[in-house]
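Heads up, there are several structures right after this.
Paired with subunit B in one complex and with subunit C in the other, subunit A is shared by the two complexes that follow.
On to the complex of A and B.
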């Protein structure tokens, strides 16, 4: 049942990914010892207590999972404070931005969303608008505390997630 | 990212229409210029009957670039063209009007006169 050869890894040892070979030598040693113990005790206990498996979680996977949870919590926290509507490319929206450089909040920004990048709390949208005859693209973090209010004015039908072709077409889908 | 041989639009009414960058003022061997940097430029195209003429060497400050300008609050601004405002040795603009949107960063670099003339400050 359990192979006792030193070089190979016993079947009872749980190996998660082949890349984790470095640590699994240590695991395999420990795995061998416990499986020996259980082998002796197994014929005695007819009740099926299976051989204790040693499970090791990959630490980087655990860390990534914790980061995901933290990210989701941060997004939830921002959503409870402010109402942020669902914004997709092709929407024409109007934002109220607060500019902290000793000015009052004013700054209404109105433009068409040409891209949206989902990254948890750092979700950004790209807005394109015409200001004083010059085309301007701004990249704004959606959950930034400077963004005070978002209002959707219009929704255009687009067949794409990133509308970079509008850079050549300037006036096609107006601000 | 403006470098020598870059053509820039002119964002004021000083008489020039297009500039070509020759040199970036600042540290020697500086590769690129961004918004707020002063460059030496030659006038490639000018409006007739104005004090500034073609193939005159002037100084200019860059006000708009196609390369993004990053801010500390995570916002990034990207214009659709490269543009500059012609200035004199002290940093005062030679023209009387400025066209197009100007970035707010120019105020910190002591170009407040240009910022005050701007129709829209971003």
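On to the complex of A and C.
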């Protein structure tokens, strides 16, 4: 069984096929290596689904894939910690936010969601609300640790994904 | 059949001239270079055996760097709720592929290899180099000059745990190519006025020199040309998080290059890290430690909340 450290080989050992070392890597489920992942994972799982390939022929594809995996894991981690409901444009939402700059006061924010931008862990929603008689739109990241609680108060029927037309209509829906 | 070199001829001539002078046998074996397919074992000449053991780091010693692949950028929230812009670097299977010593090559350096490559995609001289050293085929090789006490034996694997979260590093990479760019983007010139009758010179460099004396344009005058695609170093990048299971490194801020490009990470020169915290010469994993079960290590951000302390 080949060990992990190559320094233990004697100096006079002739390596005829350098590619022979590939099978010796001790691969784990979370390990990412560029050496043959598919070769070692097939005897591992006898289940129906094959192991998803991590390594691509182009390094930048592998890099982007790694970023996707990390993003997905970050979202999963936030979802297991607190419950984030499905938020769509047209929902009327009440949030409890913890603002760190304002000496960590928990403020409630109530408004209508006019846009949602999906970007993994940086998924943001635009909330439009009336603050002291002025219409205010704020961009809030959904998975931020500062967002303590989200409650859906009402769901309005809309036929658009981005409700920017509400900026002209001042009183139509609850802003 | 021995190869007869110039040195051997001069040695024999010296022998014939003064036969009483005895020269050490190591020189005679050095001149008689026989053909053999084994790598030369030179423990007799240099006597340097590099052991893979942790040593004490002095303020003058320099550790190796690491080659990584730039994966991409995101932003994370640290434990106090502040946003940290993050670049993810993947230190894919770094291994020491050649050790350069003052006796043989004249410098103290370690050649590190990163990534994996198939034999059919490498040229024969490159394959021969890996075969001679006895090291698996790597995609990228880079030499890092080190001090003598930081030398590692051939074939040592260098993992992400070589760095400590919270330390500063210098990251070198080839910047993104921007193509042929004008002088405003390339050198930050102010250009010309946008209106008031300026004819055809909104983005031009303006004057390029004086008149008859000197009568020429000086060499190195900043003009339009190809921008980007050069090697640059970003200094004092803060290491935020380390994941030893997948060899990933999270650093704060930008790093030169595109996604999928190689970058070279070294300890910072200006914001030197604390010597006692760094594994020297590199991190050696103990036998009972399972790499895949380790949790990611995050930098220590301190106990006081930075937002509350603003009062």
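Please note the rule applied: the second predicted complex is superposed on the first by the 115 of 175 C-alpha atoms of A that agree within 3 Å, B and C clash if a C-alpha of one lies under 4 Å from a C-alpha of the other, contacts with A are read in each partner's own complex, and residues count from 1 in each chain.
Basically, a residue touches a chain if its C-beta (ideal position, glycine included) is under 8 Å from a C-beta of that chain, and two chains touch if they have at least 3 such contacts.
Note that the structure is predicted; figures quoted are calculated from it, not measured.
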Of subunit C and subunit B, partner touching more subunit A residues: C
Which of subunit B and subunit C A:144 touches, first, second, both or neither: both
First, second, both or neither for A:101, with subunit B first and subunit C second: both
First, second, both or neither for A:82, with subunit B first and subunit C second: neither
Partner chain(s) touched by A:135 [first = subunit B, second = subunit C, both, neither]: first
Which of subunit B and subunit C A:71 touches, first, second, both or neither: second
Touched partner set for A:60, first subunit B, second subunit C, both or neither: second
Common interface positions of subunit A, toward subunit B and toward subunit C: 100-101, 122, 144, 146
Residues of subunit C that touch subunit A when the two form their complex: 37-39, 41, 52, 69-72, 74-77, 80-82, 88, 90, 92-93, 95, 115-116, 118-119, 127, 130-131, 134-137, 139, 153-157, 245-248, 258-261, 291-292, 305, 307-308, 311
Footprint of subunit A on subunit B - complex, ascending: 64, 68, 73-81, 83, 99-101, 104, 119-120, 122
Touching residues (chain side subunit A, partner subunit B) in the complex: 99-101, 122, 124, 131-141, 144, 146, 167
In the complex with subunit C, residue positions of subunit A that touch it: 4-7, 9, 11-15, 17-19, 21-22, 25, 28-35, 58-64, 66-67, 70-71, 74, 98, 100-101, 103-104, 120-122, 144-146
